[in-house]
Amino acid sequence: MKNELLYTAAFDELQQIVRDMEAGEITVDELSVKVKRAAELIAICKNKLSSTEEDVNLILKELEK
Amino acid sequence: MSENRQIFTLKQVVSSIRKTLEERYQQAYWVKAEMHKLNLYPSGHAFPELVQKENDKIVAQVSGSIWSHNFQRINRQFMVVVKEPLKEGTTLLLQVKVAFSETYGLSLQILDIDPNYSLGELQRERDETLHKLQAERLLNRNQQLDFPLLPQRIAIISADTSKGLSDFMKVLNNNPWNYHFFTMLFHAYLQGDMTVPSIIEQLKRIEKVKDHFDIVVIVRGGGGEVGLSCYNNYALCKEIASFPLPVLTGIGHSTNMTVAELVAFRNAITPTELADFLLQTFHDFSVPVQEARKALRTYSNRLIEIKKQHFNSEIKHFKNSALLYLNTSKNKLVQKSQQFNSEAKTLILRKRETLHFAQKESIAHTKRFFKVEKEHILGFQLDLPQKLKALLDREKRNVHEAESMVNLMNPKNVLKRGYSITTVNGKTVHGEMAIQEGDYIQTKTYDLEIESIIQKISKHEE
Amino acid sequence: MKNELLYTAAFDELQQIVRDMEAGEITVDELSVKVKRAAELIAICKNKLSSTEEDVNLILKELEK
Amino acid sequence: MKNELLYTAAFDELQQIVRDMEAGEITVDELSVKVKRAAELIAICKNKLSSTEEDVNLILKELEK
Amino acid sequence: MKNELLYTAAFDELQQIVRDMEAGEITVDELSVKVKRAAELIAICKNKLSSTEEDVNLILKELEK
Amino acid sequence: MKNELLYTAAFDELQQIVRDMEAGEITVDELSVKVKRAAELIAICKNKLSSTEEDVNLILKELEK
Amino acid sequence: MKNELLYTAAFDELQQIVRDMEAGEITVDELSVKVKRAAELIAICKNKLSSTEEDVNLILKELEK
């Protein structure tokens, strides 16, 4: 399921959450849910980045041969 | 006629004349005179007629006499010095004594004749002929004729008894080279008074048939040095000089060339020499012809040899050029294809570098991209707790503020500061309430409950 | 029951009470009742905040791992 | 298929990718696809260059015979 | 067909290719075409030269007889 | 036919060919034609030279009789 | 008359041929013609040296006219 969410979407959602938080548009009631979501998104992005980097490094390594 | 005339005898007169002449002309004189006639007598004495002419007219005439012994001496001297005998019609320098004979009358006795004067006279005649011919521009006329390449047909003017002729013919006919001559003799006197007219006559005859002849030769032999003065004759020399064929002379003497010889096309000293000259002209023709044959062989061999050399060197040249050309073309092709190779390699190398650069760039960009992206994420991760804390703190502050406010408003806390609440029947007292003086009121303080009765009610301003 | 009341509702009610109190529109008679209510609401909010903070800290801690 | 793509087209596409990457106009989601494509293009170009070079060498060798 | 192209034309075309290459006016795609063409042209020229050389040698040998 | 061309003309033509070849004014395409022509001309000249030599020798022998 | 001209001309022509040949000014083409001609001329000249056609009787007849 996680990988199906695109990095861009995850990143955008994450950014929105942070922006909302900054703007105080998040109620305390929502907060822990949102934080949980943010953590999730961060994890998704991180994963995506790592897996992409691995892929790319593999390709690049292949290229430099 | 007078009476006292004196009569002399002829002898008296003639003797008186002789006496007078002998007295008057005692010595000998040198006299210049033309010897018109020699009048040589068999006795050996000569009685020449001496004249002086002016414009061909006799202006003086006298007889001469030469005694035999004088004549012989004089003639010998002439032959030695002048190379001519005494000849009639010539002017002589005479040593004379005036002689008068009672019987023969006046004569000049010739004691001597100066041969040197005659020599001079001959010379003068010769010079005169030369001058005349020169004046008429005939001197070189015969010599200017074209000499035939082969003087083969010869008209000979000679005497058939002449030794010169036989010498001449012998040389021509006995030539070992088989040269063929065609000769025809035209007889003439070669000596003496007949010489001039006879030669002139024969020349005129030859002229009639000149197309049959190449040259004319005048040949005289054995005559020695004597009697050649006729060849200085103007008429003869003019004829020779103006003759349409070359006239060659061989009149057999070696000194004092005559005018005829001078104006002739060519003069040979002797007939033999003349014949040799003619043979030489045949040689001059024959030798080049003989040599031409040799030359033909030599030169044609040489020519062919040279042409062969040219030809062979051209072939060599051709071979070299063809091979060189091929070689050059090959080198050009190799060079061009090497150039092509190096250009292609350079091009590929350049493209490779460009590609490599693009590759490096793409790797660099990728790496940077990850870095940036990771930083973004990390940023979020770092921001999140702060943002949360701020949010929670703000909320906490809000709650705290409300709490403070509520605490402030709490009646317990108000009473603590000395305030009290007055109630009537459990209700807080205010203006609209129907209370009267005397009603019971309850007062509550922080720690007491007080019951009292109203004594007076009034309103205060605020 | 306490937890069922959302922080937002509790805080809003609390704020209303504070506003009413400030406006003096509450009689002394009502006051103590309101104060009592306010105290209740404050407690709810505080609780909610604490629990949320705990939750969030947990998540963040999890995230930093 | 690969050899059918012209070097020029391949190189131009590669350059466009590099430019896009430089300009940050590529998302992480696209990245590995793009890098994969870039690697492909580089390989195409390299192959093309090598085969051309081989051809060139062949000509020279042929000529030196 | 090959032999119908004259040496001069072939050599000129080769030279033009080299000049274009020098001027850097050739793309890699053209290059491989050009390389192939150059190989053809060089072969044509070489063949022509060889056959000419044979002719010439034959004639020269004939001459030495 | 051959003998109708004069030696001089043949030799001149041969020389011209050699000069052209030297000056590089002949293309490779023309070369074998030119070389063939040169061989023809050489044969003509050779024949002419030998026949002339024979003729001349015959005449000279006749002359010496 | 005719014969005289002939032999003189023959002699001159022969000499000219020899001179030309000496100077090497004769082409191969002319050579055999020239040598043939020279042989003819030599014959004419040689003949002339050993014969004439004159007749004494004819001349005598002419003299009598």
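Order of writing sets the labels: A, B, C, D, E, F and G. Residues in every chain begin at 1.
By definition in this document, a contact is a pair of C-beta atoms (placed from the backbone, for glycine too) under 8 Å apart; a residue touches a chain by one contact, two chains touch by 3 or more.
Computed from a predicted model, the values in this text were never measured in an experiment.
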Write out the two chains that share the greatest number of C-beta pairs in contact. B-G
Between copies chain E and chain F, are the contact residues mostly the same numbers or mostly different, with half as the line? different
Just how much do you need to spin chain C so its Cα atoms sit on those of chain E, in degrees to the nearest 5? 45
As a test of understanding: of all chains, whose mean C-alpha position lies farthest from that of chain A? G
On a CA-centroid basis, which chain has its centre farthest from chain B's? C
With chain centres defined as C-alpha means, what is the inter-centre distance between chain A and chain E in Å? 65
Provide the C-alpha centroid distance between chain A and chain D, rounded to the nearest whole angstrom. 33
Note: chain B sits from chain A at a C-alpha centroid distance in Å of 108
Overlap residues in chain C, where contacts from two or more other chains coincide: 11, 49, 52, 56, 60, 63
Would you please write down the residue numbers of chain B that are in contact with two or more other chains? 293, 296, 300, 304, 307, 315, 322, 326, 329, 337, 340, 344, 348, 351, 359, 366, 373, 381, 384, 388, 392, 395
Full enumeration of touching chain pairs: A-B, A-C, A-D, B-C, B-D, B-E, B-F, B-G, D-E, E-F, F-G
Using the touch definition up top, name the residues of chain E that touch chain D in the complex. 27-29, 31-32, 35-36, 38-39, 42-43, 46
Across the complex, what residues on chain B touch chain C? 381, 384-385, 388, 392, 395-396, 398-399, 401-403, 405-406, 409-412, 421, 427-428
In their shared complex, at which residues does chain C touch chain B? 11, 14-15, 17-18, 21-22, 26-29, 31-32, 35, 38-39, 41-42, 45-46, 49, 52-53, 56, 60, 63-64
Hey, which residues of chain B end up touching chain E in the complex? 315, 319, 322-323, 326, 329-330, 332-333, 336-337, 339-340, 343-344, 347-348, 350-351
Enumerate the contact residues on chain B facing chain A in the complex. 359, 363, 366, 370, 373-374, 376-377, 380-381, 383-384, 387-388, 391-392, 394-395
